[in-house]
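Two complexes are shown next, each including chain A; its partner changes from chain B in the first to chain C in the second.
Right, the complex of A and B next:
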């Protein structure tokens, strides 16, 4: 069942990006590209040949595949069925380090291409993710406090309605802080606008300027997987435990779909914030998370 | 067990953090207004409804007066002063916004420590009240010290006052209401006077930057930057 769920997650990942885009299209009064656009894009890109910048080395060749592999490893580790399996053996930090490894390969790939824009994008990506890591680890600390277990499935074992009632304030604060990380890590508004391709303000897309063909397909699919993973983490952190059955899987994936709709709504009603504001905001999220720990411990 | 008052107190903490990081005067005033309204309704929320029944007229009057004065009247006055004085809308921090936020967080840590040390648990309405009150007072002091504009010092004073009345409401002071109304009158008069003063200072010196007000001499009085000195020659 665990393997079935991993396959299901791998298949559904591009769909959630489609849901975000469809929501945005609905708010913008457009028909939108359809829910399955990303599947078609990936299929089209896989049929193309792989261009490669003149002066790049083998690092550029393996970068996108290695990045996708790291994210795929995080998908395999993740407790889709709720507890048990690999997730009870690995610490929760490993999950975030696998995502970070994926980012590392994207970054060195973009640096290897030798394009000034990509270097800039890489620098930004690393800067923001370093800040986001601070928030993530404060939140992980909170979750470990709450669950008394450092394994991934222990941290994500869910919060019962009783616990919700006892700790509403810290839980809501942590939710807001993780939502900020979720939007930042997936390069979403208000931190980055996924639609401003080839603009000076972008973070993630700037690193992919020289990537094409199957490599670009890997990068797009990897981004979709990452979106799904972080959304799943956020949903599982806060939903009550539904046991280890299909009910849990159903609740999880509908939660991710809901979060995708919420992302689309945030993206429709908010403008991208000023670039210099982003680090301040993410530091603010870190402080909010720390405040949650403080209230939880002292209260 | 969670009550509405505790949600309000948590929002108060968030508002403190937001105030420390607010880079525009408009937002800072708005946050102070929100805090004022929350301080206004807090006595009603902290009231022991099951034990004491419906609160008396005194509580209702204080709630209404407090939220109207602190949440509506004073912020409107401040916004009016900002518009009239045509000050720049951005705050100029001496301590950076990030650092201010961090300091507010440290104050929250200190506030929780003080809350543990002060043994007022018999009369206390909510465990969060005292830490939040101290954090708010600290935020007010920080705003007074770490921002350059004259108007932010008024804002800081208001926040400080919010913290004090929060403290009073939190430990359910018996004669709190009389004291409270007295303080309110003080604050109102102060903000009123400062509002006018800022306007006048601005008309005379073309700036409300407190750094430049430090060296008021007789000849530089009209021209803090010595720009037009040759006029007198």
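Right, the complex of A and C next:
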């Protein structure tokens, strides 16, 4: 069943990006590109040749494959069916280190192109993600303390309605902090705008300027998987436990769909903030998470 | 299970051997005239390091320790024609002697049961000066860039962790007492947290590749120190808790992992210096195509040292992470606080290490060459990269070895987790390879890889000078931590016609906080104090005779009175 869920997750990933975009189209009064646009894009890109910058090396050649592979490995260990299996042996820290390894390859791949704009994007990426790592690990500490378990499935075992009632303030604070990380890591508004195609104002897209063909398909699919994965993390963190059955899987994927709609709404009602404000916002999220820990531990 | 002696002698032998092979080609041209001097100090350094590990008492240990400092100072001073090298040698010698002094004091105090904490404090200064505990790390970023690369490799990989050996060997008994364990644990935790985050933070803005690596050594020693500190705290609560052994094992495994990875990186930095004549990352770039073996091995090792799966650097840190999160899980207030401190410091360190090593790889080896020196570089003689390859193989071998090592030290605790982590890392590599195969064989045109000019916003002739430099890459992070880093900017504003600016330049410089903010003022004060003593040594023979007479008189009076 776990394997079936992994396959399901792999198939559904681009759909959630479609949901975000359709939500945005709805708010913008447009017809939108359709829910399945990304599938078509990926298919088209896979049929193209694989261009490289003039002087790139093997680093550029493997960068996109490696960064997709890292996300894929994280997808494999994720407890899609809720607890049990491999995920009960995987420490939660490993999960985020896999994502970090994928990011590292994207960054050095973009540096290999020798392009000023890609360097700019890579520079921003490492800055923001270094700060996001801080937020993530404060939240992980909180979850470990709450769940009494260091494994990924233990951390994601969910929060029952009774626990919600007892600790509503710290839980809401942690939710907000992780939401910030979710938007940042997926390069969504207000941290990055996937729609702008102005090189100076992008992070993730800027690192892919010279990537094309199957590599671009890998990068787009990897971004979609990462979106789905972090959304699933956020949903499972706070969802009450539905046992280990299909009910859980159904609840999980509807939760991700809801979060996609929410992301679309956030993107429709907010503008991207100035880059100089982003580090402050992430530091703010770290403080909010630390506050949640203090409230939870002390009261 | 490996004994502590074995663990600390492996880096001496492995990194020492690789460095020796590398050195045969590293020292070339005019400098070959001084080869005997180099080998003399090189062999003495290795021998004294081995003696430190093998010494069977306090006195032989101290003698070997002092010999190690002196012999390696000879290595640092190898290129003593340069003023900066002479300055670095002085700083290093000072650090060695101050450390040895503190250790002698610690050795004396250790014999008195009522002065155990004082002895420990002296040892923190003495061993800390070698390990690079903040603020005693000030010599590392000076001495490492000044020393020849093979010497930096053995000093960073094998010599500085010997301070931890000293602690483990002489202070394990001290640690048994629960009240002492708290002192020991928190000292190590605090110094480790400051050292790891501060070390990697100061590595970020460094333009000089070896200076960056030196600061990264401070960071890695901080990681080891946090593991040992957490282990002591847990053992202080319950000596039988397998978590204590787990943290200890993680820290010791990290000593080995760091030795191989960092040794190889320093050797690569030496190869870059030999082939291009500079270590300034803003003037390098594009070396991956010109020096493919050196560059590839550098990239692999930097990836490992950034603490990312699947390489060995990650597994040691993971063991410490598991220890930290398990400490949070226990619910004991002290352990929760310690666990949070370790987890948060490790995560910040990890995030910043990714930035620092992406910069090191990107600035030095990727993109376009930014100077003629980098453009003209060619691959090193084979034995130089074979030395790197040897250490890299050891790193790869350390992946399963770390799991076995932790298994044997903890008696099976957390073995399953580490095996899953290692296998998952391998599957990450395997998926990468299969995706590459898919791209090549399953995509209809995946084999076509046309070379196209890079996209520069529609401008069709981007030059290497328009690419992002290493400094620009880290500038946002450096700006964020400006109050701490105190990076100085030297800006040369452009002259003449604003439409075609010329001669504009910018350079940044980040000095070590401890050196500039603490040690330089302290030593300036000391020097001023001793200026007064100069009155007694003014060159006048009459004064000297007067002093001798007065001393004799004073002694006579003293003899009669008593």
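The working rule: the second predicted complex is superposed on the first by the 298 of 299 C-alpha atoms of A that agree within 3 Å, B and C clash if a C-alpha of one lies under 4 Å from a C-alpha of the other, contacts with A are read in each partner's own complex, and residues count from 1 in each chain.
One rule holds in what follows: a contact is a pair of C-beta atoms (placed from the backbone, for glycine too) under 8 Å apart; a residue touches a chain by one contact, two chains touch by 3 or more.
Computed from a predicted structure; not experimentally measured.
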Touched partner set for A:101, first chain B, second chain C, both or neither: second
Which superposed partner A:181 touches (first chain B, second chain C, both, neither): neither
First (chain B), second (chain C), both or neither touched by A:111: second
Touched partner set for A:236, first chain B, second chain C, both or neither: neither
First, second, both or neither for A:224, with chain B first and chain C second: neither
First (chain B), second (chain C), both or neither touched by A:291: first
Residue contacts on chain A - larger count, chain B or chain C: C
Contacts on chain A seen with chain B and repeated with chain C across the two complexes: none
List of chain C residues in touch with chain A within their complex: 285-286, 288-289, 292, 295-296, 299, 303, 306-309, 314, 318, 321-322, 325-326, 328-329, 331, 336, 339-340, 343-344, 346-348, 350-352, 354-355, 357-358, 361-362, 366-368, 416-417, 420-421, 424, 427-429, 431-432, 435-436, 439, 443-446, 448-457, 462, 464, 466-468, 472-477, 480
Residues of chain A touching chain C in the complex: 46-55, 57-59, 61-62, 65-66, 68-70, 72-73, 76-77, 86, 89-94, 97-98, 100-101, 103-104, 107-108, 111-120, 122-124, 126-127, 129-134, 136-138, 140-141, 144-145, 148-151, 199, 209-210, 213-215, 218, 275, 279, 293, 297
Contacting residues of chain A [partner chain B, same complex]: 165-166, 168-169, 173, 280, 283-284, 287-288, 290-291, 294-295, 298-299
Of chain B, residues touching chain A in the complex: 1-2, 6-7, 10, 13-14, 17, 21, 97-98, 101-102, 105, 108-109, 112, 115-116, 127-128, 131
